[in-house]
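Next up is a structure, given as structure tokens.
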Amino acid sequence: MRADNRPADALRQVRLTRNYTKHAEGSVLVEFGDTKVICTASVEESVPPFLKGKGQGWVTAEYGMLPRSTGSRMRREAASGKQSGRTQEIQRLIGRSLRAVIDLEKLGERQIQIDCDVIQADGGTRTASITGAYVALADAIDKLLAAGKLAANPLRDQVAAVSVGIVDGVPLLDLDYVEDSGCETDMNVVMTGVGHFVEVQGTAEGVAFSRAEMNQLLDLAEKGIAELQQLQRAARDN
Amino acid sequence: MRADNRPADALRQVRLTRNYTKHAEGSVLVEFGDTKVICTASVEESVPPFLKGKGQGWVTAEYGMLPRSTGSRMRREAASGKQSGRTQEIQRLIGRSLRAVIDLEKLGERQIQIDCDVIQADGGTRTASITGAYVALADAIDKLLAAGKLAANPLRDQVAAVSVGIVDGVPLLDLDYVEDSGCETDMNVVMTGVGHFVEVQGTAEGVAFSRAEMNQLLDLAEKGIAELQQLQRAARDN
Amino acid sequence: MRADNRPADALRQVRLTRNYTKHAEGSVLVEFGDTKVICTASVEESVPPFLKGKGQGWVTAEYGMLPRSTGSRMRREAASGKQSGRTQEIQRLIGRSLRAVIDLEKLGERQIQIDCDVIQADGGTRTASITGAYVALADAIDKLLAAGKLAANPLRDQVAAVSVGIVDGVPLLDLDYVEDSGCETDMNVVMTGVGHFVEVQGTAEGVAFSRAEMNQLLDLAEKGIAELQQLQRAARDN
Amino acid sequence: MRADNRPADALRQVRLTRNYTKHAEGSVLVEFGDTKVICTASVEESVPPFLKGKGQGWVTAEYGMLPRSTGSRMRREAASGKQSGRTQEIQRLIGRSLRAVIDLEKLGERQIQIDCDVIQADGGTRTASITGAYVALADAIDKLLAAGKLAANPLRDQVAAVSVGIVDGVPLLDLDYVEDSGCETDMNVVMTGVGHFVEVQGTAEGVAFSRAEMNQLLDLAEKGIAELQQLQRAARDN
Amino acid sequence: MRADNRPADALRQVRLTRNYTKHAEGSVLVEFGDTKVICTASVEESVPPFLKGKGQGWVTAEYGMLPRSTGSRMRREAASGKQSGRTQEIQRLIGRSLRAVIDLEKLGERQIQIDCDVIQADGGTRTASITGAYVALADAIDKLLAAGKLAANPLRDQVAAVSVGIVDGVPLLDLDYVEDSGCETDMNVVMTGVGHFVEVQGTAEGVAFSRAEMNQLLDLAEKGIAELQQLQRAARDN
Amino acid sequence: MRADNRPADALRQVRLTRNYTKHAEGSVLVEFGDTKVICTASVEESVPPFLKGKGQGWVTAEYGMLPRSTGSRMRREAASGKQSGRTQEIQRLIGRSLRAVIDLEKLGERQIQIDCDVIQADGGTRTASITGAYVALADAIDKLLAAGKLAANPLRDQVAAVSVGIVDGVPLLDLDYVEDSGCETDMNVVMTGVGHFVEVQGTAEGVAFSRAEMNQLLDLAEKGIAELQQLQRAARDN
């Protein structure tokens, strides 16, 4: 049995709290069960050097974990002087996922910087981050539209993400930390509102997985992401 | 007038929320008005190399700010590869302040690592951090006592901190960001429960200050810290 | 048309040259067309600290590119003082892929360090690296077996990798640099000898991709990897 | 008894040797007893980026210790790759102290860079640094005035610093290393020529200190700083 | 006896393979026996900041070793985050040696970046690097001449380098790794085509060496370098 | 004419001041004209990891320049976070030079750490450093002998160093900064008391130099070093 008698194809309780902190143009606390991430979107009226004068904007992301967001304390990356490979992998994934649904030319020569900071971790921090960051990004863009800085909405679609995996032979949706630690296969899936894939990252932790298992996992992910996108729309409508 | 018609000698609204996150032995969200800091205390059953075999423990602290905890986004210290001088100064201050009220021999050969992470900044983040960290530390020690790992409570006293300053010639208690940016003199004061000083750090931002002004500021700090310590005790009694 | 009139489902010319350098226990030059990578396997009779005394070994990988392996010179990572996020992502992928086919307990308390250094790049450096590194790893293990240091072969299966992608709407196998730069979807697939997946990493560079497109890409990858594994066996039999 | 039968309220022998090295616009060897610091002031005809075009100048400071300036050798910060928190704290203090007595607009768009390098340490290196750096700064400004580069002297006042502390219950002026290591309370005080405070940094090393003790320490500091400023004037008059 | 019955005054087998990789303007694999180094020359149409607007070009070099180019694996410099002192010493030597034979004004405001990467090491990597880099540099300059970007050839002379040393009292030319490890004196000599010295770096590893021994070593070096320059000319004539 | 009418084959005024600072086991201020370097020797009763248990000691050196030891201020290496290639090259040279005259087995399992810090630079800082460091090293060894920690003196010989160069076609001994900046060839020579070479490092700054010129420079160096060693002996006899 999963914690709280959760069915294999059910998400944990998901909450999206907008305007969670006051300074950022978009600020969302996203909770996937006990996983809690603060996602902010900061608008900067300039672009990185490689885009200067190209008539387009940029969206990028950084990710971090508070040292004691985890069961045993991790070393603070600012103190150790560098970001781990895992951190860089995750923040690159978040950035790519958001750029997949935004028209960078319509954004104009400005950058939206996403920050996802995990304050409590219980599995799925990267998928929660993408799901929350989309809402923060959309809120920041609304502010730009309201201020007349954008002629048209550069967002082309929604984006959300979920993890799926096989634990003791059973395909499960939205793994918590215990499930994630024990799973044979772990897959993170990012999808748009029309149901297409932005990213699929499947990893065999122990035994390699078959094509049939992969299909089961993708089915679960499609179901979960459709629900997450419904929750994103509901949060944005409040 | 101060924001919210606050009198010159009044604290902002202060809240101490215990057990804010689930993993740490002590976890407190401290709010001084719009300044919000997550303070965690993590117990580690080992000491740093310089204390190995000396029969005593250690308390140390790290401090960080989420990149968009501030009005304009700051660069993430983990990405820039080092902690700023300001960060190091603050975390050294927090560590010294807590060590001033704990008997390190009674703590035994273990370390308590404090993390203070600012999720929203509006002035006074270092004094809020010290005030919240004390409560997290006390909670972590309670867990050690309850588990029978400590024979006696190593805490000798309470500790709390507040900022005071002179703005437009008027001494003020507990400066918010706008007041802090405009003040002539800024002083951070850390005091124990019996009303003695652990740290006094006064800085003339513009004009140097007189001995008389210093005395006015210390009077204000004594009043404010007494109130903060009352709030710490109330939070701990819940 | 693809370069050299290559059909959509064909690999580039693949060469695996064993014993390419003289010091390493395994040393392979792998070529996927104009992509050339030196893969070495170095045996070390110790394990990283986190595995001390656990009765198992470890396989890990590092990846690098010579500064002018690419069309325009890249900055040398040793000179800039850190490995890029892309480099870390790739070397983590190589390590996971190889660990998926080795029994770490049978390997005993020793580490095999894989180094993949790109001397000429033309797309697919990470998949060439995995394919070549497997042969270097197997050669190094043969030396351990021949020296009587291993009682049984810890390798459980073969592993190889290939990239697939959609370019101008057409699914293609084994993308070269020009194809990779222009593709809408890029997928790296790592599979074992029995045809199961170790890693699937699909990324929409521009437009998100459908489930049907994903299936086409996986079909191509299965075909290409079967051929690569045939080439690995042939190289090992020489 | 203090070393050399020094009374509790006496400074150590203080020497200020101007033009100590030949390249810098201001160069002073300051000695507080056995503590010896080379202070140089270097004029640069540009300002840091954050001040470009603002019509004002800047004064900043760096601090270092030769590895064997101390009783046992310290690691060289250039070799370990970063400045310690203590170093950064001290150099920030020196910079603030000097900026407190200079009119940055009158200085014009140029920077004066102060370097304080300890060649022999025996307590009080930061207060000796401030006291010597003021003389180096004043000498550099004299050169700018003599060269007609400044219309008016931007220095508004003198500045000097001293440490005070409580050792075995007795308040002492200008602690040497042995006293500093054994003191209960340590306070560094920076004052202007008119007797106002620029910085007060009091720290309880062991037991917290009372308001009455603080007042005794400030009395001692006022006396000592007045004597140091007399010595600065005498040195500058030679 | 030396390996392969090599006489004391003989070079190892030397090979210079031009156009070894396809992207660089000059690309040479140089082999001194089992020492193999890839040397590339990359043309960049800009100069470093310190030369902006001075009407001259620049030639600089970087050096690296693949981790398992050596008998036991070395740590990857990109992973450890810095280049060793030895690496920096060698790359500075390569750069100075090449700049000694080029007219930087005739090169115009462009930079040629040399990269020397050792893929297999058996002694003499720095002298092989200089010898191979000269050919890569000359090839890159030929491309600039052919493209009409240079009015005249900026190369004034050839340059090549060899190591000499005293092993068991016997002066030897072109030391391999075993000889280099056991030698009493080690000297690296860089000379131009007219037989003048660009660099002489002699080091007593054990016992200091006499003026007579130095002269014997220089005689050997002159002989070896004349042969290397003949090989450079032959390679360039192909 | 040279500054102060110095003949071509004359040293600048050389001073060796022993016991310059009080903490180090050996501490020497060495002056070659206006070049001034503090050389300290620190005894540590342990050896670096690579020598643990090998029954021998070690001598190593670090080198630094105060930021304003030079005509225009250099960036502080501790602030920029790394030592330059030049710094590393020099400190490696100093270490090798001293190790050439000491019997590391007789030194026992301890390390002597040399620090050479330039407080004023006017050319020849590395040769002054070696010359002064030898005296500091000998003084530190005397302390070990006096304390009965060494049975026999591990020093086998003296060592000193000087620069020579060709300026406007004239070979000169002991170049000052102006001469060094304008010279065609620059050579640093390190010799033992019996007149053998420890290091010869000749570099053509502009035009390559002939064998005849090299011999002239070595003649000058032999003369200068003999004089320096006489001064070392005189200083040690005081």
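Think of it as A, B, C, D, E and F in the order they're written, each chain with its own count starting at 1.
Just so we're on the same page, a contact is a pair of C-beta atoms (placed from the backbone, for glycine too) under 8 Å apart; a residue touches a chain by one contact, two chains touch by 3 or more.
These figures come from a predicted structure and were not determined experimentally.
Asker: Shared touching chains for chain E and chain F?
Answerer: none
Asker: Counting hops between chains that touch, how far apart are chain A and chain F?
Answerer: Graph distance in the chain contact network comes out at 3.
Asker: Of the pairs B-D, A-B or D-F, which one shares over half of its contact pairs with E-F?
Answerer: Most of the E-F contacts reappear at B-D.
Asker: Quote the value, from 0 to 180 degrees and to the nearest 5, of the angle by which the CA atoms of chain B must be rotated to coincide with those of chain D.
Answerer: Answer in degrees: 180, to the nearest 5.
Asker: Distance between chain C and chain E based on Cα centroids, please, to the nearest Å.
Answerer: Once rounded, the distance between the two centres reads 33 Å.
Asker: CA centre of chain C versus CA centre of chain D: separation in Å?
Answerer: 59
Asker: Just the number, please: Cα centre separation of chain A and chain C in whole Å.
Answerer: Here chain A and chain C have centroids separated by 28 Å.
Asker: Once you find the CA centre of chain A and the CA centre of chain E, what distance in Å lies between them?
Answerer: 50
Asker: Where in chain E do residues touch at least two different other chains?
Answerer: Residues 81-82 of chain E touch two or more partner chains.
Asker: Applying the stated contact rule, could you write out the chains in ring order, opening with chain A and then chain C?
Answerer: The chains follow each other as A, C, E, F, D, B, starting at chain A and passing chain C next.
Asker: Okay, in this complex, where on chain B does chain D touch?
Answerer: 82, 85-86, 88-89, 91-92, 96, 100, 157, 187, 191-192, 194-204, 207-211, 214, 218, 222
Asker: Give every residue of chain A touching chain B within the complex, in rising order.
Answerer: Listed in rising order, the residues of chain A that touch chain B are 21-24, 27, 34, 36, 38, 40, 42, 44, 62, 64, 66-71, 73, 76-79, 81-83, 87, 113, 115, 117, 119-121.
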